[in-house]
Amino acid sequence: MAQKMFRKGMKKPGLPPGSMVHIGDKKIEKAKITFMDYDDQKFTEKEVDSVKMCYPLKDTRTVSWINIDGLHDLDLISCLCEHFGIHPLIQEDVVNTEHRPKIEDMEEYLFMILKMIKWDEQKNEIQSEQVSFILGSNYVVTFQEQPGDVFEAIRERIRTHSGRIRKMGNDYLAYSLMDAVVDEYFVVLENLGEKIQNMEEEVLLSPTTSTIQKLHRIKNQLLFLRKSVWPLREVITRLERSESKLIKKQTVPYFRDMYDNTIQIIDMMETMRDMNSGLFDMYLSSLSNKMNEVMKVLTIIATIFIPLTFIAGVYGMNFRNMPELGWKWGYFAVLGIMLIVGLWMVLFFKRKKWL
Amino acid sequence: MAQKMFRKGMKKPGLPPGSMVHIGDKKIEKAKITFMDYDDQKFTEKEVDSVKMCYPLKDTRTVSWINIDGLHDLDLISCLCEHFGIHPLIQEDVVNTEHRPKIEDMEEYLFMILKMIKWDEQKNEIQSEQVSFILGSNYVVTFQEQPGDVFEAIRERIRTHSGRIRKMGNDYLAYSLMDAVVDEYFVVLENLGEKIQNMEEEVLLSPTTSTIQKLHRIKNQLLFLRKSVWPLREVITRLERSESKLIKKQTVPYFRDMYDNTIQIIDMMETMRDMNSGLFDMYLSSLSNKMNEVMKVLTIIATIFIPLTFIAGVYGMNFRNMPELGWKWGYFAVLGIMLIVGLWMVLFFKRKKWL
Amino acid sequence: MAQKMFRKGMKKPGLPPGSMVHIGDKKIEKAKITFMDYDDQKFTEKEVDSVKMCYPLKDTRTVSWINIDGLHDLDLISCLCEHFGIHPLIQEDVVNTEHRPKIEDMEEYLFMILKMIKWDEQKNEIQSEQVSFILGSNYVVTFQEQPGDVFEAIRERIRTHSGRIRKMGNDYLAYSLMDAVVDEYFVVLENLGEKIQNMEEEVLLSPTTSTIQKLHRIKNQLLFLRKSVWPLREVITRLERSESKLIKKQTVPYFRDMYDNTIQIIDMMETMRDMNSGLFDMYLSSLSNKMNEVMKVLTIIATIFIPLTFIAGVYGMNFRNMPELGWKWGYFAVLGIMLIVGLWMVLFFKRKKWL
Amino acid sequence: MAQKMFRKGMKKPGLPPGSMVHIGDKKIEKAKITFMDYDDQKFTEKEVDSVKMCYPLKDTRTVSWINIDGLHDLDLISCLCEHFGIHPLIQEDVVNTEHRPKIEDMEEYLFMILKMIKWDEQKNEIQSEQVSFILGSNYVVTFQEQPGDVFEAIRERIRTHSGRIRKMGNDYLAYSLMDAVVDEYFVVLENLGEKIQNMEEEVLLSPTTSTIQKLHRIKNQLLFLRKSVWPLREVITRLERSESKLIKKQTVPYFRDMYDNTIQIIDMMETMRDMNSGLFDMYLSSLSNKMNEVMKVLTIIATIFIPLTFIAGVYGMNFRNMPELGWKWGYFAVLGIMLIVGLWMVLFFKRKKWL
Amino acid sequence: MAQKMFRKGMKKPGLPPGSMVHIGDKKIEKAKITFMDYDDQKFTEKEVDSVKMCYPLKDTRTVSWINIDGLHDLDLISCLCEHFGIHPLIQEDVVNTEHRPKIEDMEEYLFMILKMIKWDEQKNEIQSEQVSFILGSNYVVTFQEQPGDVFEAIRERIRTHSGRIRKMGNDYLAYSLMDAVVDEYFVVLENLGEKIQNMEEEVLLSPTTSTIQKLHRIKNQLLFLRKSVWPLREVITRLERSESKLIKKQTVPYFRDMYDNTIQIIDMMETMRDMNSGLFDMYLSSLSNKMNEVMKVLTIIATIFIPLTFIAGVYGMNFRNMPELGWKWGYFAVLGIMLIVGLWMVLFFKRKKWL
């Protein structure tokens, strides 16, 4: 988990600002370029080899969505950006997969970075991938690290002309894509919530050494989410309140709705953090309780038998003149005394409520 | 408790925004539609089968209150909303019973979501139900998950023309309904407060393993309340400061009063959180104290008898040449020494204030 | 203590807003009405039976101070309020003795609720009583739960024409009354501070189980104070910055001075909270220290004598062929060995600094 | 330490506002009045007996600095204040040595209260003294509790005409005096910082019961500083942003510089608080570690010898028919078994890494 | 580490404000003066002996960067500052190496203080050096404590005319220098992050006493960083939002980018703080766990053998009349009973899950 949080080589000190350096793992061999171009009537979808085939999309009146999978092909990205007039600092941000979510209003276009997260069922942990959006006059460009994303349902809606997406502009397209990213946060949080509830039972009924490691792991995953979610909220607040002419008035309620969602995500996340640290406290108190129980058993046994052993020891001494030893019922009297002492101890512990 | 906090399936990723999906349990079979229509003179109350019978209420000059119990009948709700001109995103929020309290000023109407909570005496926990309000020009529409609510007293006041409710507009009606919801928070908090006070005694006098579970439960219930109350305050702040023409000037003091109430609720809740975590700390310190007591008993017994047992052991050795064994008063001398050692130990513990 | 914090029946859900319900204990049998009417020359003081005798005071040019002791006589209070034109919601607040401190600017008059606290020497705890102020054009009305208050010194000053009070308006009177309430907070805090300092010694020198209960009690009393003081500050801030024409310009420095006092009260209170929780931590560490000491004694005794007892046990065995038993100096040799082992153990503990 | 924090008798409830009451210890017998009067050319310095001799200074064009040591002589102070036109509430604040740092802009003059602290090498604690400043049109009046202050270097600079002080106005004088007070905070913090660093070593190497008391003492001293520093920052912020015509434009950068210094003081103080509480945590963990070590020793010894003692006990039984007792090598066989059991135990602990 | 945090002698109380005093260690013998002077065509680089040779640079139209290494040569610095018209208070700040990062807008020039940090591989700790910037109309002056800095790559870019630096103004130069400083923070944080991740393993697998010291050390290093980073953010925020005419409009996006970087640094740092304190908690719980394990071993052994030893003790008594001793199978019966008791104990512990 932590590996993801602090990666070495996030910065290459000494490079001039605006230098494109791909930061992060190279996840695929060859970058993949696809685009969709549509309005209420027409619809085109294509996968192309050369980025030049996307250039005409800049000047059409239809809505165009260009998607790039793979960020290590710096030439491809800089060509595309050059043609669409994207500032070098933005290009630098696109290929830095360790960037925190942000929004930049460049007047001609809006630039957003989000973290697209997914719950990896097999590794039982959060997978995170960076996705950047450029929202221009009539186009949306998205950059992802690798194929496979949460946008398939939106592509299907565009293809089948379902919902209102084909009737709306590119701002609504950008909203739909971002909303798909945000919705996935709920899924991840629900998974974490379920884990926390399972932990509750484990902490109460059978806490072991691994319990604390699991709690620690959940805590780290929540820390990781936190790093993505709080700046996400900032991005969406600024979008909702944006004065940019790229966001049409009728789309604003949708962004406001998305803002409500991020607030709810933050609410859930913070509640989970509270619950998790509550479980940690319970674990500690359960450790103390177990220690108490162990100590009680030891104390009861030792306290009952140590005095009795002492008595036996006394009559095991070899003094020649020990009158009791000659008494006929001496042995039985001593056994009786031992019994009484033992019972008295038991009563003492009963009164102390240790038994 | 926690089950309620994180429900699976809160979001259906992939659906277009504005799609109505009923989220939550289906609590009743058939949605129930009732309305009240009144002014200072006239009064009508009806339960109707078809939502269409409510349509005329939109254009009367009287105050109309339409109440829907049951949120799973999406057709009914969308028909009603369509007729009253409610935005699709609002419709989506109405049927999502996991939504956090919010307010939306749509100029034509105000939309509010609140959490209606109740103390369930049998399960000894908080029951929560979502209730949404639409405050239009002359009507109020309320959506609830199931029949049974905190509004019965208000209905009675309307029916019997008691108080000033029949003389006031629909903003006062909305206020009355919301105030009834808020008042119930006091009842729930008083119940929790009573539980916390009982816990105080339990922690001080007889802490057991279940004590910590009860404290944890109360903590979770306060976390749950918190998730409802803080956004509630936000809702009411925005209502109080609202510029909306739907809130008449003479109703504003009532909303301000309601705002005071939510602040008091938050105050009480935060004080309870402080007290609860204070009890947790006391529980831990009482565990430590008990451990100390157990250890002391063990130490006293062991420290007194182990040396004595050693002495007895020495004279239990079978060496042929052990002069003391032949002494006449050897046995009694050893008994005397043992007594002295024992008493000296007791004095030592007295001085240490362990006894 | 906690009893005071969460009283049952704070709200009667179902009542229309503005309904007067007396909340709290009925502390006296019959409400008592007194008034003072004065200017620089004249002075009248009376206790009256009927509230109607106060009505003329509304229209005099002199400063009038009407004081009501006892809040359960709803008729009396509503008559008075009706005559002085007080809003029903304000009336409701007056008789709700669980209301938090607040200020309401109704243009015609200002309404303030404060908590008048006192240190109860006998019960060794804080006594709290609600007092409400209405500051009108030329009158001040105060409502208290029972006779006995912190205003006696002010009455005396009015009677004897000492200080500048008879020369100033009713805003100065209101200030003087509120200042008397605020000054009492210092007295209470000084008492708590003294208790905390005593606790410091107790925690360091002789912590017992009751220590933690005392710390818990102080913590709760500080929590209780907090609930009164923070809103108090809010009230006074709003008074100081008030645009109300009821506060004359020359009185503003006095309110600013009172504001400084509340800030100092909050400072002291928060410092005390810090110190109290610091004492709690010290108590825990002192518990651990004591446990360590107990364990050390046990360990030293057991570690020294258990091996010795074992040696004695060996030579207590009854094997026929045990050559050492026949040796002449065997017994003394074993005693010597025991001595050496024992001393070696003692040295070991010395080196570990346990002795 | 704590004695200083909460002094009894900080308020005398019942007194009319603006009444001068000296609060605090009377530290000297007779108040001492000194003044300096200077401009670029002239310079006078005098100690006077009667406050009346300072009256002419109000109307000169030169810069005058009047310093009063001793606050119990209420007549003296009220005469002076009366003559310089100081508001009664300000007079009350001057003689209340428990007042928190504050600033009051009375248009004709500025009034500031600061805490002048010093590190008392002998008592090893912070000494605090209240100093008030009145900055008028051409004069500065300072009130101190007793002779001895941090201003000597400034007096010297005025006398010897060094630096730019004689060329600047009385606002620069006030700045210089306040700056001298603020600089002393660094000295005190450096002393505390050194103590904390020493504690670090003590906590790591040889924690004792007195360690925790020292940490507690440092914590309280930081709490005490905090009460002085945070309002100090407020005072200086308001001075820096002041619109008052008493602060000339060319002096503003100096106040800004002083503001930077207070921020740095707060930074250092908060870092120290963090470090101190970190040391407390380390102390607790070191207690736990020591307990663990003690327990291990006990467990190892007991676990090795208790079973061996049992074996010895078995062959110490007096049954007539115990065949082993008659075997020739029985004794040696048992000794051998004991050796094996003992070694096996040692290996067990080695494997557990307890040895 | 802590040595760096609180150095003695940070302030020399008593000195007039604006007095230059070198605070900090004297790190080199002789101050070193170098400058670069360039525009798109021309380029000069020189190391000079006398500061006077830099005076002409003030009036050229080219961009000049003067760098001073060594702050103890007060004459040199004051000469330079005098010529460039720098305020005495700024001069004082330049030579105080303990100053916190700040920015001062003096209209004619901007003054910034930053902390240039580096990871010292050998000492395994953070090295910090103060660097100040003066950004004037066409020049940048930088002051460092000693030679060796993070600016070499920028010098190289200027010399080789690579990137856009030679085409941009002196504000871009200042940005480049500050950005180089900020980039180094990432390197340091990555090193700390790696250490924290290593600690995680150590805490989980083999916690020792030195573990806690390492965690404490990391905590202190994060505290140290914090003291540099938060004010750094403030500096850059104010630069980004600056109205100063010294920052050209085209450079603003670069400063905004740098602002994003500081936010990310703060994010990482705070996450690390959270993780570090989480590791501390885990360490404590692992201590408790180990104690539990130790106690269990002791309890099991003692509880099994103490009763058996007692039985053996009973039959070791020397009473003459002990019928069992004469029984033929008495010895074997007792051995059998012991076995049963022992097994029963083992089963008891199995049921308790201690074995």
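A, B, C, D and E are the chain letters, set down in written order, and residue numbers restart from 1 in every chain.
Just so it is clear, contacts are C-beta pairs under 8 Å (C-beta built on N, C-alpha and C of every residue); 3 or more make two chains touch, one makes a residue touch a chain.
Given the structure is predicted, the values throughout are model-derived calculations rather than measurements.
Chain grouping by touching, computed with subunit C excluded: one piece, all remaining chains connected. The chains in contact with subunit D and with subunit E alike: there are none.
Centre-to-centre spacing of subunit A and subunit C amounts to 42 Å, using the average Cα coordinate of each chain. Each chain gets one centre point, the mean of its Cα atoms, and the points for subunit B and subunit C are 26 Å apart. Counting only residues that touch two or more partner chains, subunit D has 284, 288, 291, 295, 298, 302, 306, 309, 313, 316-318, 322. Because contacts link each chain to exactly two others and close back on themselves, their graph is best described as a ring.
For subunit E in complex with subunit A, the touching residues are 150, 152-153, 157, 162-165, 175-176, 179-180, 183-184, 186-187, 189-190, 193-194, 196-197, 200, 204, 253-254, 256-257, 260, 263-264, 267-268, 271-272, 274-275, 278, 281-282, 284-286, 288-289, 291-292, 295-296, 298-299, 302-303, 306-307, 309-310, 313-314, 316-322, 354. Those residues of subunit C lying in contact with subunit B across their complex are 2-3, 5-11, 13-19, 87, 89, 99-100, 102, 104, 209, 212-213, 216, 219-220, 223, 226-227, 231, 280, 283-284, 287-288, 290-291, 294-295, 297-298, 301-302, 305-306, 308-309, 312-313, 315-318, 322, 324-331, 334-335, 338.
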